[in-house]
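My questions all concern the structure below.
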Amino acid sequence: MKVCRKESFNAAHRLHNPNLSEKENKQLFGVCNNPNYHGHNYTLICCVEGEINPITGYVMDLKILSELIENEVLNRFDHKNLNLDCAEFFNLNPTAENIAKVIYSILRKQINTKLTLEITLWETDRNYVIYNGKY
Amino acid sequence: MKVCRKESFNAAHRLHNPNLSEKENKQLFGVCNNPNYHGHNYTLICCVEGEINPITGYVMDLKILSELIENEVLNRFDHKNLNLDCAEFFNLNPTAENIAKVIYSILRKQINTKLTLEITLWETDRNYVIYNGKY
Amino acid sequence: MKVCRKESFNAAHRLHNPNLSEKENKQLFGVCNNPNYHGHNYTLICCVEGEINPITGYVMDLKILSELIENEVLNRFDHKNLNLDCAEFFNLNPTAENIAKVIYSILRKQINTKLTLEITLWETDRNYVIYNGKY
Amino acid sequence: MKVCRKESFNAAHRLHNPNLSEKENKQLFGVCNNPNYHGHNYTLICCVEGEINPITGYVMDLKILSELIENEVLNRFDHKNLNLDCAEFFNLNPTAENIAKVIYSILRKQINTKLTLEITLWETDRNYVIYNGKY
Amino acid sequence: MKVCRKESFNAAHRLHNPNLSEKENKQLFGVCNNPNYHGHNYTLICCVEGEINPITGYVMDLKILSELIENEVLNRFDHKNLNLDCAEFFNLNPTAENIAKVIYSILRKQINTKLTLEITLWETDRNYVIYNGKY
Amino acid sequence: MKVCRKESFNAAHRLHNPNLSEKENKQLFGVCNNPNYHGHNYTLICCVEGEINPITGYVMDLKILSELIENEVLNRFDHKNLNLDCAEFFNLNPTAENIAKVIYSILRKQINTKLTLEITLWETDRNYVIYNGKY
């Protein structure tokens, strides 16, 4: 049984690899490389999977999952500049893939190891990524 | 090949475990424990997976799946109080997890055993659960 | 300039007119007349219209509007049985129309009279009503 | 890590199996068998799964995936009659299942074999299918 | 008080003006002029505005409005080719504007003249039109 | 007859009034005042209203409206920092209200004066503004 909670946060970012030339960055990341940043409304879905607790009828209380996401993820990233304000991305390009991976490792530490975790992150209403710890 | 049909129903419910004290119920279920009930628009997605029938080009006619959901699920739960009107929940706490499990077992009996079945149930536009018979 | 905020609440209700016979109620309200109640996820959109404040660039800070909705509307109706828990509906049939009208009159008292107010209330993903104080 | 891109196209089609009688076609496909065709806004989601490239932070640049979908899928099927204009369906009934399978095989040839591919195709806002090369 | 009902239908169509040359039609309507037709999932929202009936708490029972739309609009246009199957468009180009106008005049005859009527028609998830009898 | 086109763009911004103290800015704009910026996926809906052209069946070809929005609005604001990259906001606080007003005045110059124009701008999935030239 998988239970899922949807939240959202708004952030600025810029895609950039400091090991590449300016020209290579432009070629790779196009308008996403704008040195003055752009931004997104990120939609985050966190799913945990495990057995139903027979006392509560819950796999995990989604109110607790929601508070965990608020404390651990939204408080860090909401209304922030990912490149400038968030240590997690000082040396990591904040692509949707890398943001999802970072969120996964933040939440993984806080969730019972009997439960599997899966992160879905929508960057726009046409682009999203899914990460479950594999890779 | 997985084919999916989305339907919806509206119901009242209350989360409550009669084996726990009133205080424990309040702590566990908060506002969802309101003795006078509250309610939701449940969005139900049923997916069946199997081979494409070469004559029809269908895994399963989604019109037939839709009618099956209407007859077996919506007719039981739509515009009902799950705790008071639905025998399935007289002794089972109607959490999204348990509702999904009940819907799975109702539909599982009606669908060709060569097809796998997966139930997704949205309780609000931020909370949902997925069940495929495991657990 | 109109500025709008979307919120949601979950409630149980029953459509019933105590001045009509049981049979007339069934005919008028069908499954919505179920004596044990059913429920909905209500989506509420509040729009206020007026001039932009040149200092803030806001017509009205949507964070303040959101807190007002939370304090005045969600705290009253979220996770409640409208017929049993909410004095506003002890003598008023909780149709979407009447709920919208009640929300309008609650919020109208709290919002600067220079601003017009409009309430949109979705009862299901197919039914909604709009009220702006007319009628 | 799975990365996904959502696109859409509009097409006419008709469900029909030329090896069956007119009566059998009507029984099987109902209104979808209308000889003058009907149509849909198809929503297509393409997901590719693989490792993150440490230089780009991408599994696959979603802009490139989007262009690939536009060149290979939308240019073939958008604003077309699938039965009359598209050779892929001259001898294949254009059910959602078969359209998804055709799109999978078109894109599979263009995407690095290290990446897995999954196609989700919504035919209406209530019906969709998912195909990943199995079956 | 405005009350609204959302429905949908699927149809094929082709934009074409028989008084213009083939070349002019191509220029004006582009891919929408495809002689073999293409199609859409049309989303239709019908809003009626008037006073709340104090006995029912309804402006108009949305179940009755839904049945009216089904009988008068969906039965005519759903799973049809608008140009070939629907007399309303034998001499009228089935643009979203004209379809909305036709639906308005069909429903206007069936709805109490004390109620105003407004038709919103989404042709794709990016294009829609609104008509209320003006023009 | 009103015809509408939905587009979207992604941008970074910061709410700030240089005539106010740092403390006043924090109080007024809270997290939106972050000096390093944050960002949004803005959803833009442009509606034009007028008579149907009897030759085309269009009020205005939505493809032309879409291209106009792309050339005049998206090319200016998409993947930009509104405060740093866009002259329109060098001396104007980029609230949703002011962005809508700027977009209105840009597009108003390009659209036939016989047609009225209305701009809807969603900043998040819960906040939006509507502007039609009044105020």
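As written, the chains take the letters A, B, C, D, E and F, and residue 1 is the first residue of each chain.
Quick note on the criterion: contacts are C-beta pairs under 8 Å (C-beta built on N, C-alpha and C of every residue); 3 or more make two chains touch, one makes a residue touch a chain.
Remember, it's a predicted structure, so these values are computed and weren't measured experimentally.
Same interface as A-B, judged by over half of the contact pairs sharing residue numbers, among the pairs A-F, C-E or D-E: C-E.
Centroid distances built from C-alpha atoms place C farthest away from chain D.
Here A-D and B-C were compared by C-beta pairs in contact; the pair with more is B-C.
Averaged C-alpha coordinates give centres for chain C and chain D that are 41 Å from one another. As a whole-number value, the distance joining the C-alpha centres of chain D and chain F reads 34 Å. Averaging C-alpha coordinates per chain places the centre of chain C 29 Å away from that of chain F. Contact with two or more other chains is made by residues 125 of chain A. A list of each chain pair in contact follows: A-B, A-D, A-F, B-C, B-D, C-E, C-F, D-E, E-F. The touching residues of chain C, counted against chain B in their complex, run 8, 10-13, 31-32, 34, 36-41, 43, 78-81, 84-85, 124-125. Within the complex formed with chain A, the residues of chain D that make contact are 1-7, 47, 50-52, 55-59, 61-63, 66. Those residues of chain C whose C-beta lies close enough to touch chain E in the complex are 15, 17, 19-20, 28-30, 92-98, 100-101, 125-131, 134-135.
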